[in-house]
Structures are given as structure tokens and as C-alpha cells.
Amino acid sequence: MWSLPPSDSVLHLLSLVALAAQAMTAALAAGRRSMDWMGVCFLGCITALGGGTLRDLMLGHYPLAWVQNPSYLALTGGAAFMTILIARLVHRLNVAFLVLDAIGLVVFTMAGCDVAWQMNQSLPIVIISGMVTGCAGGVLRDILCNDVPLLFRSELYASVSVVTGLFYATAFALQLNDQVWTALTFVLGFSFRLLAIRYKWEMPKFVFSGEDR
Amino acid sequence: MWSLPPSDSVLHLLSLVALAAQAMTAALAAGRRSMDWMGVCFLGCITALGGGTLRDLMLGHYPLAWVQNPSYLALTGGAAFMTILIARLVHRLNVAFLVLDAIGLVVFTMAGCDVAWQMNQSLPIVIISGMVTGCAGGVLRDILCNDVPLLFRSELYASVSVVTGLFYATAFALQLNDQVWTALTFVLGFSFRLLAIRYKWEMPKFVFSGEDR
Amino acid sequence: MWSLPPSDSVLHLLSLVALAAQAMTAALAAGRRSMDWMGVCFLGCITALGGGTLRDLMLGHYPLAWVQNPSYLALTGGAAFMTILIARLVHRLNVAFLVLDAIGLVVFTMAGCDVAWQMNQSLPIVIISGMVTGCAGGVLRDILCNDVPLLFRSELYASVSVVTGLFYATAFALQLNDQVWTALTFVLGFSFRLLAIRYKWEMPKFVFSGEDR
């Protein structure tokens, strides 16, 4: 996805699949709010590409990935549109899409770390950059659907991104072998997310009921 | 509006009128949520100027139009404020404001295309840039009013912007006569939008009721 | 806070306290929506640092304050997290937090004016820059909590920021003595805000009930 070196062809392929998958689940969310076809495509693009866009705005990293390479818009918008035709199928393949989404979470996080790293940012910013890339698209989707962002309330998601980023960036800093470490990080993050879904691991919630002011 | 060459004085005038009109309808939306006078002015500015602002952020096109030319803030904030005094009138002139809004949609779209074009962006980005300029202000308004954006659910609006942008940018690419083409594009987009309102043309909706996850 | 010259050590200290205080009240808002611990920390960071971030994006002022100095993230995220443990106390100290928030409003406004001033922006943009720095974090918090922003509906808040900014920027323009004027502006803005809270000064509201379109 974003600015991965072209050599990482496996990661690149995975990220394209994950982009499409995120756009498709966003399309279902659009359908739950009876958006029109154009709205469905927008929401797909914004959800799949929004995380990387926010990261680039924060870092002043121009041009944005999809501005430089508009085929990302075609991919995500097209995937969202296709979902209109096969909504039942996508819904039934729920589990497959959770897996694809988990791949996206990990791959986008690593790509976000890469971008910040190449800009010589400090370690905390590298990790934040990965997390924003991996997670912020879903927050934008929830805002546009008029929900309290799921990210802040549901199973481990941002936490997976942070752990992945920490692991990945540490290896960078120690200059460990690139390819091996990339593969290891991917496996770690991916398994962590799948386990979190399977066993419904959640962060403790902070429930506070004092009335406002 | 944004960055039109000063020679296009008719378009420039139209765009100022349209900016004021969009701020005024946003002020009514603020009134429906009982915002205070300052909130009304903010919402007017954000709605009228937000599309161009988002476009500039996306393209890294600094300084923003209203930062360079703060009189836009006075125009839109002032128009919103005036609406408090003449709300009933503005509401009764509903149709006139729909027409002014349609003018804004088309003129802002063309101005947005111009900006991207001058930055040598690719054709898809030129069209997206036009669409964001024309449509995103209303999305920001709906987010701040805590609604699901109307853009995604109502009569053809973004579609008008895309068609206008396509038509306009194609002519650019073919280097057709500038002025004639600008006028033609304006008439096309404007008529398309008015017809869409008159005959309630809508995009098909995607209604999906499978429960969430 | 943002980019205050290090010599202004009193203001700097005040701003750190205010950053923490804003993160802590945001954490209570997160708790009212049962967000998880990570969501609480995010909402704290976004609320406390969002105003300065939006300002920097608008002015193209890179790097962002917290990107350059990630300890701000630790401060605000940490303060939000601590709030989970001492929520009852924070809630009971309501009045103290209103005072700290008022300090933040004034100090952040002045810091926002400074940033725009150093970029040679025009007077209106200096004031807007102060206002965005002082107020926009709360708007982001309310959007993420799925509320109509309180800023637009409640006691004088943005108005205090505008008055503070006007006063501060005028003195700048007249090249009055820096330190005296900074102190004066602080006292003025701070008292104004406290009086507004104490006597429930509100902007008149614009209530409009005409149905939509």
C-alpha cells in the first residue's frame, strides 16, 4: 500500500487485497445507512485510504499516496461499488473479511512506520504514524456514519497496531535483517489480531457516569 | 471563488454570491440546532470555505485561499450572521437559494479543477479536486451538525460535480477554447443540477440491513 | 504552549498544566461513552493537542508541535490514563478543572497568535489562528463523542478566545512592551472567561425551527 518499496511484492499484493477488503466492509456500513451508490464509493475510498491520508497530512508528506497514484481510488471505489451487487455474499463471508482486515491492519501499520522512518522521525512518531495509517480510516468511516468510533470501544485493534509498530520499529533501530524481521512482524501482528477476535480480548473499559458538568 | 484568475470576473462575482448563499443556508442549519451567534458564523465559514480548504490540504496547496485573502471570512461569516435577522425570508426564498447553491456547486467545481490543473495533477485528481471543492463543505456542515452527510443520501449533487469536472477537464486536456468552454461547462452543470432538483433525480440507494458483525 | 519561546517559562508551565487538565476532562467524556483505556488516551491527546494541530495544518506550519516534541503525547495521554484511576476526584474537582481549562484557553490562544505572527500572517489570520488553537480541540472531542460541538452552544468560550486574540495582536501590532502586555492579556482573558462561567454569560442563541428544505 502506501509507499512500500516495490520490491516488497508480497506485502504490496497483500496490501492491495486489504485495501479492497476494507472498502468492501465500509460499503456494507454505507448500506446500513441507505447511502446512494456514489456515497458507497466515497465511503469505501475514505475508509481504505483515509488512514494514510491523515498520516501524510500530519507529517507534511506530500504528495499523498492516492494523489500520486490515483489507481488506488479506482481500486477502493470499485471494490465498494461491486459490494452493492454482492452484499449478501460479503456479509456471509464475514470471517474472511475479518482476516483480510487484520492483514490490512498489520501491513498498513508497517507501511506507516516506513514512511515516518524515511522522514527521520523519532521512535514515538514512527509508531504513531503506523497506528494512524492502520486505524484512522475506520475512525473516519464511523464519523461519517454518525457513530462513536468503534476503534475506541471494541476488541484490540489500535493495540495490535501499536504492538506491531513497536516490534517493527525496534528492529529497524537495531538494524536487524530487514526481510526476516518484516515477515516476523507480520506474523506476530496478524496472529495477535486474530487471537483478539477469536477470544474476544478487549481492553478494559472506562465507564464513568457522572453527569456532564 | 478560490484562485480563479481575476480576469474571469463574471465567474468571480458568481462565486462570491454563491459563497454567501452557502453560508446563509448553513446558518439555517445552525439555527435548527440552536447554536449561538458565534457558532452560526463559524458554521457559515466552515461550510462555504471548507471544500476549498480540504482540497488545498490534500494537494499541499499553501497558503489556503482564505488565509491569503481573509475577506472571504468576513463575507461568509457576515452572510451567516445576517441570516439570523432574516431567517424567515431566507427560508421562504428556498428556491432562490437552491439555485444559488447550484451555481456554487458548478463554479467551485471548476475552480477546484483549475487549482489541480495548475499543479499539473493527473486527470482523475483534477476531477476529484473539483468535486472536493464543490461538495466537501456540506459534508463538514453535516458532521458538525451531527447528521449523516446529506451528500451521500440525497439528489444528484456529487454526481453533478463529477460530470462538470469531467467535461471541464476534458476540454482543458484537448486545449479547446477556454472561454467558450467555461461558459458551456457552467451551463451544462447548472442545468443538470436544476433538473436533478426539479425532477428529484436520485442515485439508486444501496440499502443493506444485515446486522453489524 | 505550542512553540512559546522557552523564556516565557511561566506561560510554558501554565500551558503544560492546562494541556494535562484538558486531557483529563476529555477522559471523563470518554468514560461517559464507555470507551476502552486506549480510546481514553487517544481522546485525551486529540482534545488537548488537536487545536494546535489543526492550526498548523491550516497554516502549513510543519513540523507539528507534538511531532517535533513527542513528550506532549506522553503528557496528555498519561494525564488521560491517570484520570481512569481518579475519575471521581476529577469530577468532584469540577471547579478547579474549569479554572485550568480557562488558563488553557487563554494561553493556547496567545501561543496560536504567536505562531501566525511569526509567519507574518495578517491580523485576522493571527486572531483566527489563536482561536483555532484555543478552541478546536474541544470541537474534535465532541465530534468523536458524536455530539453537536458544545463550543457552538454554551457559555462564552470562542468569544473569550477572540477577545484575547484581538487584545494580544493589537499590542503586537503597536509594538507595546512584550512582557507587560502578555501578562495583561492573560489576566484579561482569564477573568473574562471566569466571569462568563460564574454569571453564565451566553451568546444569544439563534433558534430556527423551519423544517429542512
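For clarity, chains are labelled A, B and C in written order, and residue numbers in each chain start from 1.
One rule holds for everything that comes next: a residue touches a chain if its C-beta (ideal position, glycine included) is under 8 Å from a C-beta of that chain, and two chains touch if they have at least 3 such contacts.
As the structure is a prediction and not an experimental result, all values here were calculated from the model.
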Overall pattern in which the protein chains touch one another (line/ring/star/complete/other): complete
Chain copies touching (subunit B, subunit C) - same or different residues, decided at half shared: different
Cα superposition of subunit A on its sequence copy subunit C - rotation in ° rounded to nearest 5: 120
Separation of subunit B from subunit C, taking each centre as the mean of its C-alpha atoms, in whole Å: 30
Where subunit C touches two or more other chains, by residue: 57, 60, 143, 146
Residue numbers on subunit C that touch subunit A, as the complex places them: 27-28, 30-40, 42-43, 53, 57, 60, 62-64, 67, 70, 73-74, 84, 87-88, 91, 94, 143-146
Residues of subunit A defined as touching subunit C within the complex: 57-60, 121-122, 124-125, 128, 139, 143, 146-149, 151-154, 158-159, 202-210, 212-213
